[in-house]
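Reviewing the structure listed below.
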Amino acid sequence: MSVVVRNPPRVEAALAEAFAGFGVATVHEAQGRTGLLSSYMRPIYRPAHIAGAAVTCEVAPGDNWMIHVAVEQCRPGDILVVTPTSPCEDGYFGDLLATSLQARGVKGLIIDAGVRDIATLAEMGFPVWSKAVYAQGTVKETIANVNVPVVCAGALVHPGDLIVADDDGVVVVPRNSAAGVLEKARAREANEEGKRAILASGVLGLDLYKMRERLAEKGLTYIDAPADD
Amino acid sequence: MSVVVRNPPRVEAALAEAFAGFGVATVHEAQGRTGLLSSYMRPIYRPAHIAGAAVTCEVAPGDNWMIHVAVEQCRPGDILVVTPTSPCEDGYFGDLLATSLQARGVKGLIIDAGVRDIATLAEMGFPVWSKAVYAQGTVKETIANVNVPVVCAGALVHPGDLIVADDDGVVVVPRNSAAGVLEKARAREANEEGKRAILASGVLGLDLYKMRERLAEKGLTYIDAPADD
Amino acid sequence: MSVVVRNPPRVEAALAEAFAGFGVATVHEAQGRTGLLSSYMRPIYRPAHIAGAAVTCEVAPGDNWMIHVAVEQCRPGDILVVTPTSPCEDGYFGDLLATSLQARGVKGLIIDAGVRDIATLAEMGFPVWSKAVYAQGTVKETIANVNVPVVCAGALVHPGDLIVADDDGVVVVPRNSAAGVLEKARAREANEEGKRAILASGVLGLDLYKMRERLAEKGLTYIDAPADD
Amino acid sequence: MSVVVRNPPRVEAALAEAFAGFGVATVHEAQGRTGLLSSYMRPIYRPAHIAGAAVTCEVAPGDNWMIHVAVEQCRPGDILVVTPTSPCEDGYFGDLLATSLQARGVKGLIIDAGVRDIATLAEMGFPVWSKAVYAQGTVKETIANVNVPVVCAGALVHPGDLIVADDDGVVVVPRNSAAGVLEKARAREANEEGKRAILASGVLGLDLYKMRERLAEKGLTYIDAPADD
Amino acid sequence: MSVVVRNPPRVEAALAEAFAGFGVATVHEAQGRTGLLSSYMRPIYRPAHIAGAAVTCEVAPGDNWMIHVAVEQCRPGDILVVTPTSPCEDGYFGDLLATSLQARGVKGLIIDAGVRDIATLAEMGFPVWSKAVYAQGTVKETIANVNVPVVCAGALVHPGDLIVADDDGVVVVPRNSAAGVLEKARAREANEEGKRAILASGVLGLDLYKMRERLAEKGLTYIDAPADD
Amino acid sequence: MSVVVRNPPRVEAALAEAFAGFGVATVHEAQGRTGLLSSYMRPIYRPAHIAGAAVTCEVAPGDNWMIHVAVEQCRPGDILVVTPTSPCEDGYFGDLLATSLQARGVKGLIIDAGVRDIATLAEMGFPVWSKAVYAQGTVKETIANVNVPVVCAGALVHPGDLIVADDDGVVVVPRNSAAGVLEKARAREANEEGKRAILASGVLGLDLYKMRERLAEKGLTYIDAPADD
């Protein structure tokens, strides 16, 4: 049986917005180095940086019917997360679907498959992170689920979870962890600001992070290169 | 025996020009979802969009000799389509060959292999769709065929066929089908213009395409998410 | 035992600088078509073009500790070359390490693994050629070697060797060969300038390179296409 | 914080045993075409066919420490499921670990990474499904979690879930669904037995499954080949 | 419009049979080094060696309906050649379809996609060359063409063409060339028999093929290794 | 200039023979986890296990001429190591070349490219580790070097180095290190024998290797699963 789950609880909009200032790498670190989608998920244009609540959508291989169903479940600030039920690089999504999503205030698309019309999507300012760019069309024959937990590009995503995406890739934060992760991201960023200034002044990470002793304990040995021949 | 076929009939120039306004996705749809080259064929810069008649060229792995032969067979408005006789990512093509092709009015290159000098090619405004970017040089020892039917990146291309390439990839249209495909592309585009405006106004695809009944017949079920915990 | 070799002899700075005007393809040709790193090594932004002396650095999979060690070994004009001891696409390097390297006058990074914070790296103007873009963090537990010979993306790199990197990829020139290769690169470039003008005027490579006779000897046959049906 | 969860509830042993007679394809169909691990998960020898309860184990890239921890959590009839926290093909597992697992009655290993000593593993009759065969050794520096939910080769696995693996690959069945899936697998198998005999007698699937009418409705057209030229 | 072409002319059965004694490498050489399918097409068990006439079948991604249609078009001695209209690794084919094909005297399957039930197929002695082994099930919703020319794994196959497959892979021979290719394959094989005996006696290929002079002309230089240090 | 280096010093035959009893994983560990070729190097049949001195051979893409040259440089007990100057999967090597090598007492082939005639090679008992199996033929036009240092599948190999290959893959041991590595391999193997017996008796690695304290220091926490629901 295929279901569409209406109105799943979402990460709060204000909370999601607050993440827009933090990069994917920072968020990933702030939640204990978890939640990254595969490195093959790349933005169709750069720079791009969004944060919002996930609406999840399964699609059959070569069949984009459920994306049309999922559009209706999207609200302003959401990010649509699409995953095929078996690997497929077809162009499930193009400028007409993007027009619909943009009309609903959706911030972008994460799709573990292909996308097309990317020149138009770039003009529209509708960002997409995808596995492939491929003009191949799809059919509308097979149904699947909307707003159920999915594995997308190797990461588990529940509907309503927070998605952050930038030029580095895509990360998912479980809805109930988002507030705590935000706090840690802020702390991390503040801490890095200070480090950045120190490192820019020429202080070495070896000294700033006090690594020399532990490296020596591990047995790291410094030798001089032989005189040039 | 290796042959060079001179003056194969080409898709008419005016007809090819008329395709320049249509994207690869549209043309692919207009001809019944056929003719796409593999999704690994990517432009070296974006945006890029060309349409023209194919001059086909086989090359041995690591050997670009036949490209020099093929240059002479090119006319203004043509697109050179190069395919290795076994998979190879070497840099078969660089700025000197591009200079020759540009001097002959050739619009671009489609190559199921590698290309190099891409910074210069971008400055020259000579677009290339390739499998790889790789500086690896090639030799000139082995001959092959020019202007015979070839399989390029998974698609069958006859000399004189229409090639359309844009940021989404590359599509081939058989020469004798081009006029009919153009007509369908125009109809599709006109139809999509109308849909785009409707969708932008917030009408759902579910309603515009009257999908609800058929989805229900398939058994799609809507449920409300449980109250948040 | 893991070692850090201090002060390996480097290709002379002036010599390295002189290579900045030559593309990777030209350098690769000038040294007899050797020294290229794999075609999967791509720049994080384009255009980018650097030349400098290699500081080599091994890292364990998922562990960037040795990059911190390698930073101290870098001098102005160097290029850091990082290779994992087994294949890994984690994001070993981000904006803080780039800040350190930039403070030391390092020109860029070549890494057969992943990189992150690429939007910031682009803003900083710190170029990186990498196998992947991936936000995945790394640990600091396992030591390895700095400034020993390494195989990076399929090419053997000794510390102090010359590295040239541009939009086409990355090439390594053994330190003691650099002067000779520079001379050949200059000769090649001069020769190509002349050819470029001739080819732009419409002269065919077939004639410029006197290929017709040898092609005929190989058995290449020209035939006319059958009249169009 | 890294945790080891002791004694997670497991699919009942008798229930798991009952699955040993059903292939992965059958089980996958019986649970609605879900639960398959990626097609790159291949057995190190064939034929091999096991069913048992999952003990899940995360490992850091290039670090097999947690497998030693996981061994202790295994009971007779279990199957160890190992997944790296970022992609890695190192040889995390060899004959010594297999000896330990075999001593505890573990049926086999599923690992989204590399394995080594495969000739010895084959002699021991200890089956492994892996992403790679690679002799590369690993370190013991970084901890992670045992018996928490993991994504392994694209599929979500909870500790105690049922794993079935054969020459076709690997499938996971949620613990609480196993009884129902078994029933459906039996029904499916019985049904297929009957079909197999009918098809072997030469009856066509087109007729057995009554497909002709629906194909005609879709517009499928039969034509005769032109007479041979 | 989708069509099924009935009774396309096939390579003669006796001619096809005669090819069963020749390996794929020999046949590929005998027809001028053309016609090979991609190297990712691997047999599900080894050794396996078949030759027969192609029945071609397109399938939609994740949809095996047309294979059921194609079965009816198969005759004794045929080989079914299946290609998806966009790349897909799903398990389109299993033991029930194999039972049908075996009942009709079909020799084997070539499929640029996935296959399942491979343990049973091996027991049945029904050979398959495929891109993947994957248990993923498919639907029956979308029609396509049977017995039209297709590109399968990079090679153009017309219905009725000769297919030869063995442990090295798969080659296609155009129907009307088959007699000529057979003659050349026989000549090649005879010639190789003689060479094999000579080479086994220790005569070098350098001498047997008289390569020394041409190597010297190319500039090959022999030097002695420096004395061991 | 291309050279053939005659009579490079080789690892002693008796020393090489002594390695035949040690697996690739053991040798790799014994030399400090270095020297492995990429995991894509797979044997054409299993089991297979050889050890011998490397004769190195570069080949141009799609061109196997230099293998014929290299054959003459081989002595009994050698292993031929072939690497293309740019990536290529063509079938450089088949049964005739194997006949020559076997006549000279060569133990096997390591090739970072394709091989063909594998059914015959298996019958002959001539083992090959390769990147691909592919029937694609090659030409004889371009020369390269024999017995110079090469990078093969990511590992640096000098002529005369020791090669060990088994079902796990391939490892190279520098010639002058071989004696020391052998000693360590023996020690390791002896040590593992003892461990194997202890582990088989049910003692845990956690206890045998005294890991519990260090795991606790790292913060590993054991918790009991919640009672089953």
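Descriptive notes on the structure:
In order of appearance the chains are A, B, C, D, E and F, and numbering begins at 1 in each one.
Just so it is clear, a residue touches a chain if its C-beta (ideal position, glycine included) is under 8 Å from a C-beta of that chain, and two chains touch if they have at least 3 such contacts.
None of the values given here were measured: they were computed from a predicted structure.
Both subunit A and subunit E are touched by B, D.
Relative orientation of subunit C and subunit F, expressed as the C-alpha superposition rotation angle, is 180° to the nearest 5. One inter-chain figure worth recording: subunit B and subunit F are separated by 42 Å, centre to centre, where each centre is the mean of the chain's CA atoms.
In terms of their C-alpha centroids, the spacing between subunit B and subunit E amounts to 28 Å. Counting partner chains per residue, subunit B has residues 33, 36, 85-87, 89, 134, 136 touching two or more of them.
Every pair of chains that touch is listed here: A-B, A-C, A-D, A-E, B-C, B-E, B-F, C-D, C-F, D-E, D-F, E-F.
Subunit D contributes residues 1-9, 65, 68-69, 71-72, 89, 91, 94-97, 99-100, 102-104, 114, 116-120, 122, 132-137, 140, 143, 147, 159 to its touches with subunit F in the complex.
The touching residues of subunit A, when paired with subunit D in their complex, are 33-34, 36, 38, 85-87, 149, 151, 154-156. Chain contact summary for the complex, subunit F toward subunit B: residues 60-63, 85-90, 134, 136, 139, 141-142.
On the subunit E side of its complex with subunit F, the touching residues are 23-25, 28-29, 33, 36, 39, 42, 46-47, 49, 166-169, 171, 192, 195-196, 199-202, 204-206, 209, 211, 215, 218-225, 228.
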